[in-house]
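Chain nomenclature is as follows: A, B, C and D, assigned in order of appearance, with residue numbering initiated at 1 for each chain independently.
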Amino acid sequence: MKTTISGALRLALRDEMTRDETVFLIGEDIGYYGGIFNVTKGLIRQFGERRVVDSPLDETGILGIGVGAAISGLRPVVEIMYVDFITTCMDQVINNAAKMPWLSQGQLKMPLTIRANFGTGKGDGPQQSQCVEAWFMNVPGLTVVEPSTPKDAYGLLLGSIRYDGAVLFLEHKLLYALQGEMEPDGRALPLGKGAVRQEGKDATLVSCGLMLHKAMRAAQELLEEGISLEVIDVRTVKPLDLELILESVEKTGRLVTVEENPYTGGWGLTVTDAVNRELFGKLKEAPLRIASLDVPVPVSNVMEEMVVPNVERIKREAGRLVRHGKGRQ
Amino acid sequence: MRMSIEDQKRLYRCLYLTRHTEEVLSDLYREKKSPYKPMTGIGQEAVTVGASFCLSEGDFVSPALRELGAMLTRGMSVRQHVLDALKKPESMSGGRFSAHHSGDISKGIILGTYIVGSNLPVALGVAFSLKYTESDRVVLAFFGDGASSTGSFHSAMNCSSTMNLPLVLVCNNNAYALSTPLRFQMKTPDIYIRAAGYGMEGVCVDGQDVCGVVEAVDKAVRKARAGGGPTLIECKTYRFRGHSESHDFDDGRPAEELSTWRAKDPLVIYRRFLLSGKKVDEKALRRIEREVEREVKEGMEYAFAAPELSADKVDMYTHLYADNGGREKNV
Amino acid sequence: MRMSIEDQKRLYRCLYLTRHTEEVLSDLYREKKSPYKPMTGIGQEAVTVGASFCLSEGDFVSPALRELGAMLTRGMSVRQHVLDALKKPESMSGGRFSAHHSGDISKGIILGTYIVGSNLPVALGVAFSLKYTESDRVVLAFFGDGASSTGSFHSAMNCSSTMNLPLVLVCNNNAYALSTPLRFQMKTPDIYIRAAGYGMEGVCVDGQDVCGVVEAVDKAVRKARAGGGPTLIECKTYRFRGHSESHDFDDGRPAEELSTWRAKDPLVIYRRFLLSGKKVDEKALRRIEREVEREVKEGMEYAFAAPELSADKVDMYTHLYADNGGREKNV
Amino acid sequence: MKTTISGALRLALRDEMTRDETVFLIGEDIGYYGGIFNVTKGLIRQFGERRVVDSPLDETGILGIGVGAAISGLRPVVEIMYVDFITTCMDQVINNAAKMPWLSQGQLKMPLTIRANFGTGKGDGPQQSQCVEAWFMNVPGLTVVEPSTPKDAYGLLLGSIRYDGAVLFLEHKLLYALQGEMEPDGRALPLGKGAVRQEGKDATLVSCGLMLHKAMRAAQELLEEGISLEVIDVRTVKPLDLELILESVEKTGRLVTVEENPYTGGWGLTVTDAVNRELFGKLKEAPLRIASLDVPVPVSNVMEEMVVPNVERIKREAGRLVRHGKGRQ
């Protein structure tokens, strides 16, 4: 069937709630309102107020309920409306959700899924457009997932809910409406596995989320200019599927990471570092990172467009890397 | 506060200015003539405007998310607001930040934030400064019923009370946080009762009656000015529009609820009050309204005509770091 | 709670067990015979033990930072605690986490956290589970006066009240957060008064009188069990020792304050109460004490003699990720 | 004069408070108690309760006061007792402190210094020993400083207080007692400038804080084995003094970063990325990162010692890199 990413997420929630009584949803405006991007629309009618909980405007409370419920037998799917708001409950995420299973030697499980929308493109400015995966790269115990297609959204959300550890499940707000084929077959996708979205031989583009689609477009356009790019969708930003990436870069000899967060400290660093280390001496060019400018996300669309990588820029920089080396100049 | 006739007219002017500006911007948005999507305080002007009206030069106000009334009452021009709304180069932030949260410290308007509740600890800090410098100025901070659930609210309440800071916390309890009614937000529908737990005075007023709001806030402001510490003032109010102009008017709210509240339009109520006092007549009010409409029109015209941001003129990095010394890359 | 003589003796046993264990561990630390630095609840046992005593099998307790009494009362063995304290391989966490915050979910003890206040939202979540599964079990969560300033406290109060969850919040208000006296923490010295603001019942009891604590907590537990929602119980108490055993006894506290409170030793008070009832005699109490001392001694001996962690046997990565599939590196 | 790092910090606070009436301190137990590591000892006697404020146990309140006071003319030095607790006020740090000057086009200044102790070595476990710089690398607008000597502690703290932007000033808890020469001359050190602590030619070791001292020791011991290492103390982790580092690696041809945070997502990535990019083809070996294991900090000293890089490990891995290439095997 054809559906959107938000439709696929809704199907995943519906299917898993049907299958497993311990799964419940909690968040702001997710019940009668159906969620700020309609992902949970209709679920309260189907499952009732017990399993779809409209919470107070309090992310610490929401996360606390998630953590506490997870260690006592439930499988909470909590929603942080915009991921930027996670800054108000970081303690629960970093110090409790990520650590409790390890601290208890597995006595406590943490089947907690934290859903949140994120990203630029809506002119929502610096506190409602952030792309925050990189803040969590250095937090052992967390898993960070970022789907880019309806099929993946469905399978990865099931995988996250069924996974016994804490998952930050990030949904790009501009991708909710993206259409694609998928089957609501109740099958989960494994976390931590990337996917080759397009095969190529001149360079490997590594990306995810909205940027993945821009990278794909750039790759398609470059193909017409005779440059063949392999495009990898990491799908899980933490842990990254470095094996898949290394295999690809070993073949292409060139690496470009495309990410939406600011350049400094972005997750692409983990990719370039691994590639530089493991393929030292075998690379045709220095790996290239394409990322947002090192500023907050401006509210103006003119400025936002300048800050975030676009197809043109990816094309230009990746193309230059293949043609002349040294992507950025 | 004893208000002179001039004060009363000025207050009405502020109320009407706020209402009219928001209506015009909303209409333009709905007619697709403007890209700016307002989150209006229509229906809540008595709170936003009334409370801000109690401040004097040098005082500060910390707006939450629908406090255009506070900004205008503090002297921000319509022109400036629309420049901000349209993200023009002449906007306060030069296109960096939203008009909803725009600030102008020269007018005592503290820059806001998208993060609900998060303006309160900042307001707390400004109040700290005022006490530190032995100023008799005060800070007025707005927040909604939704924000009362945040840890930020708790921090501002407890710290301001403990440190006896000149902070007046004004809650516009409009019965909803986005779509969420009070029953999902708190056990009791009252927020002012939280104050007692912090050893703070809590007051509850009808948020549709600007006179009552002014009286309560003025008292709290005077107390704060005199070193008497913070006050929590809850104003029972209602927003007549959706959460934002892209939301339905009701967001699932019961129709009768909306109509009951619409009958308590703060502008209508204050207008009636003014006329009943016989010192202001219909003509005088019409004159004010005409003036305001002209001001709004001029502000809009200027702002819409003002140059757009163009990519080649954007200054992306200044003020990100204080000295900005060579930090454009890899900061 | 009507307590039988057996119950009363068991309660005294728990009090003495807690006191004696902490004293022995503190002495050992001060004599440099043990590396474990206790943060004792000495002086506060009536709260910690008394409140936990009201729970039944299947209930949960969420300790704050000096709640050994809660752990022991819930059935954690002294041996286990000392194994945890000494970070032995046999400890609950295998050397990963501190004895102060150790948990054992099989005994209903929820793993704690160093982050003050942060156990409260977790306890809230466990209470949510209990309501969700229509269980009649309850959660008892401890926190200090210091923790009452955190946003975590606010979240637990508001959400538990709004959702009517089976949570009993017990505050051991010992008048200090580390060195900070109440006057720097809050405007009024009372915390139970916060409850009303959340539409919750708030109760204040003498934290040195274990009977009063048991009565109040038992009532709240029953109410929660019956679906009556949460209660906040503030217990006025005092810690007889420093913040931790490496801190001075006083940390700047006035000497008279300490001696006034020391005169209200909860063990002495309860002992006297038991003897005055004539149903328990000195001999019986001595017998309990002797038994406890033996148990503590044996627990210590076992734990001190237990093998140390050795680097070659450390399992560093299990349970960090649920499946742990090949994530040892570059996770 | 000779003093400890905590002595130097205290002198800096004293001198700057004396010089500038707008400087004040706020934090938990910093007044009469003197701070958990005695840094503020005695200052309340000298400056009174107005300028040395014992706060409630509420990091959000503390940061809020810091941010609000900074934008209204004061120069707050706020203390977060252990940096782990910053998770409870991340919103103020990330969304307000780091962004307000930029958002207001400089109308608001943010002369805010956030002091906090951090790090391993005290057996304080996973929520009181974290090393968190990397969480902030991806937050434009913040500056992160980490002194490693009494002289630097003094100069960098003055520099931070006088700086008009938000600074996270991180003090390693094991270094407080470290002695060294310094002069309380009221001179600030510039932020963002690293220092070469030891010259060498075979490889460049880049580090800071406690790890810097371990790296120095390792370098000294390796020197006896004929391996000469250049050791750089970055002093400011954000922004990193990449110029200095690149210059050095250009000379030595080999890079080793030594950091205390977990390997994945650590700040060393920013260094290896820059070096790989700028010196591609000129490196003798792939840059090597030495960091903590990817786990929370265990409370057991046996385990903690295994998690955190020690002199032995630095020596072994850096030595191997110079001798045989490929430091990690």
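The criterion applied here is as follows: a residue touches a chain if its C-beta (ideal position, glycine included) is under 8 Å from a C-beta of that chain, and two chains touch if they have at least 3 such contacts.
Remember, predicted model here, so these are calculated numbers, not experimental data.
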| item | value |
| --- | --- |
| Comparison of A-C and C-D by number of C-beta pairs in contact, larger one | A-C |
| Maximum centroid distance from chain D, chain identifier (CA atoms) | B |
| Averaged-CA centre spacing for the pair chain C and chain A, given as whole angstrom | 40 |
| Separation of mean Cα positions, chain D and chain A [Å, integer] | 30 |
| Mean-CA-position distance for chain C and chain B (Å) | 45 |
| Gap in Å, rounded to a whole number, between the CA centres of chain D and chain C | 36 |
| Shared interface positions of chain A, touching two or more other chains | 55-56, 58, 60-61, 84-85, 87-88, 91, 95, 102-103, 126-127, 140-141, 238-239, 264, 270, 294-296 |
| Contacts with two or more other chains, residues of chain B listed in rising order | 93, 96-97, 113-115, 118, 149-152, 154-155, 158, 162, 184-186, 320, 327, 330-331 |
| Complex interface listing, chain B residues touching chain A | 87, 93, 95-98, 113-118, 146-147, 149-152, 177-180, 184-186, 251-252, 308-311, 314, 316-317, 320, 327-331 |
| Residues of chain B touching chain C in the complex | 149-155, 158, 161-162, 164, 183-188, 193-200 |
| Touching residues (chain side chain B, partner chain D) in the complex | 60, 92-94, 96-97, 103-106, 110-111, 113-115, 118, 120-130, 132-133, 151-152, 154-156, 158-159, 162-163, 318-323, 325, 327, 330-331 |
| Sites on chain A touched by chain C in the complex | 24, 50, 53, 55-56, 58, 60-61, 63-74, 76, 88, 91-92, 95-96, 100-111, 140-141, 143, 163-165, 192, 238-240, 242, 270, 274 |
| List of chain D residues in touch with chain A within their complex | 84-85, 87-88, 90-91, 93-95, 98-99, 102-103, 126-127, 132, 134-141, 238-239, 261-262, 264-267, 269-270, 272-273, 276-277, 280-281, 283, 285-289, 294-296 |
